[in-house]
Amino acid sequence: MKKRIAVIGHDRYAKQIHLDIAEEVGREIALRNGILICGGNNRGVANAAAKGAKQNNGLTIGISPDPDLTNVSKFVDIPILTGMGFARNQILAFSADALISIGGGVGTFCEMAYGYAYSKPIIVVKDLKGLPEPFIGKYLDDKKKVKIIGVENAKEAVKLAFKLTEKG
Amino acid sequence: MKKRIAVIGHDRYAKQIHLDIAEEVGREIALRNGILICGGNNRGVANAAAKGAKQNNGLTIGISPDPDLTNVSKFVDIPILTGMGFARNQILAFSADALISIGGGVGTFCEMAYGYAYSKPIIVVKDLKGLPEPFIGKYLDDKKKVKIIGVENAKEAVKLAFKLTEKG
Amino acid sequence: MKKRIAVIGHDRYAKQIHLDIAEEVGREIALRNGILICGGNNRGVANAAAKGAKQNNGLTIGISPDPDLTNVSKFVDIPILTGMGFARNQILAFSADALISIGGGVGTFCEMAYGYAYSKPIIVVKDLKGLPEPFIGKYLDDKKKVKIIGVENAKEAVKLAFKLTEKG
Amino acid sequence: MKKRIAVIGHDRYAKQIHLDIAEEVGREIALRNGILICGGNNRGVANAAAKGAKQNNGLTIGISPDPDLTNVSKFVDIPILTGMGFARNQILAFSADALISIGGGVGTFCEMAYGYAYSKPIIVVKDLKGLPEPFIGKYLDDKKKVKIIGVENAKEAVKLAFKLTEKG
């Protein structure tokens, strides 16, 4: 089974730096033959990551909050239309082998929380002022010894995501 | 965007005839370059349809009720792990362009109902004693003029699913 | 714990007869000290049943598809705001001890299906031309010996709902 | 409509201090004629808050992750059985007028995130080492000017929750 990597982060309020990093993360995931999972929207980190993956002919899955295609990114190959609003965050996190966060606010943090509950590796690109940033290097829960990992850039994020999802 | 066709029907209590038809439906969807969407379980119509699609190198999506891979079919390329039980029926129906039902009980009927609410074509393979069968040729809702359509066999089901999802 | 009885059925297209029966069902549930569960909307069977329950000072719960109060009935004491669209049908059925159906289309049938999966008693008021009607007296699933039960009127429906949820 | 106050926080790993505060918060909510909403489980902050509310004859709602009553607190009057796992966090937050957090880990933070998305007042009891604590006094999202508010004790938490949900 191919690796499924979720790329999460700023949506409506993404700045150019978030979009640039997301696009590069998408390209790198596709280069390594991974499947990109994103939130499906036609803007922000989700859209940019899917755009990048398609530049390298990657496969892109969008787990949308909506019941129809109106707001789905044109770079998404397979829209999963939940019609469940933010509750789709659970599905996005459960369906990924690892999560890469690029900025992000409360929704992104919520996705990290769902991923953490199932001990998925969570990688945060540094210096992007997202809500998850203060948690780099920490456990979210004392009982689970899984740290949130900070990385310097897109390439390092994807390299680490693949490394941490290899079976020992 | 490739066509996404949901194949639904008997799960735990599927008989050989359901499995044979599901497998052929899966093969036909892949032949026509469609994407198979199923409920993700490693048994019944979902498993057989995914098996068939893989015989023709099709792409298979499994919208699982579970939060992890334990019960997911090995023929599923991309597991969508909802962790929401039967509420995933909504997601399966919303994410498909058309639905093909092969037998099926209350869960299958529920998926048809979700699809119907968004006017998706619903095709029922005849003479399989499923719960949806009495609805062949009828409207489920007088206000929506979308009939449940009965077909004789797997090939006809898939041919019709593609025809009905073409843009006019 | 007080009995929780779900009242389901026609929403947008309810006729006066559906509303009258729903209101009486609501009154009867409250008279017997039960808790009314409905779909929460400010129209149709849900609204009428909640109105009836309040006439006898009953407690009313509305499991709404929406994330906010905009479309919630004023007769609902406790709105449960799911923001999950029709996926809330699962929650409505799981949360009830028994279901009473008054007319109804695909959504109602879907709620019955969720209830049936957990062997809840399902009672259908007769002669209301709803989608569930043809299933009166039948099993929805051969493996579960739970019949859909038809009744003549509101009083009989509520009486039976309480009887069938008594612990043996 | 009565105020609905959600009490969230440590579940499995709650210590006595979390339980004591939760119980007092429950009592205070009931004293002020509010409705308690909790996660429904028979342990941790949810159970203790419901226990406290019942000591003052309050009404208690439990939004359970499960499809049945097995793990539901005996202090819950009305179990809402979602069968959706942690996705029920969205429902808990949407259904409350305000949230009070007593300790808590990733699940609690996720509930706060859902509440924040709809601008609900979020009150965190201080000095309990929960994951939400570092966010006291901050905005979770720069675009929404809603601060997470820290309070010293149970009484102050409930007093503030009612004050902040009054209509201006």
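Chains here go by letter, A, B, C and D, matching the order in which they are written, and residues are numbered from 1 within each.
Rule of thumb we're sticking to: a residue touches a chain if its C-beta (ideal position, glycine included) is under 8 Å from a C-beta of that chain, and two chains touch if they have at least 3 such contacts.
The structure presented is a predicted model; accordingly, all values stated were derived computationally and were not measured.
Any chain bridging chain A and chain C, meaning touching each of them, is among B, D; the list is complete. Rounded to a multiple of 5, the C-alpha superposition of chain A onto chain D involves a rotation of 180 degrees. Between chain A and chain B, two chains of identical sequence, the interface residue sets overlap for the most part, with shared numbers making up over half of the total.
If you average the CA atoms of chain C and of chain D, the two centres end up 29 Å from each other. The distance from the centre of chain B to the centre of chain D, each centre being the mean of the chain's C-alpha atoms, comes to 40 Å. Those residues of chain C in touch with two or more other chains are numbered 67, 83-87, 90-91.
The touch graph of the protein chains shown is complete.
By the touch criterion stated above, chain D contacts chain C in their complex at residues 1-2, 4, 35, 59, 61, 63, 67-68, 77-84, 90-91, 94-95, 118. Chain contact summary for the complex, chain D toward chain B: residues 67, 83-87. Taken together, the chain D residues at the contact with chain A in this complex read 13, 84-87, 90-91, 105-107, 109-110, 112-114, 116-117, 131, 134, 140-143.
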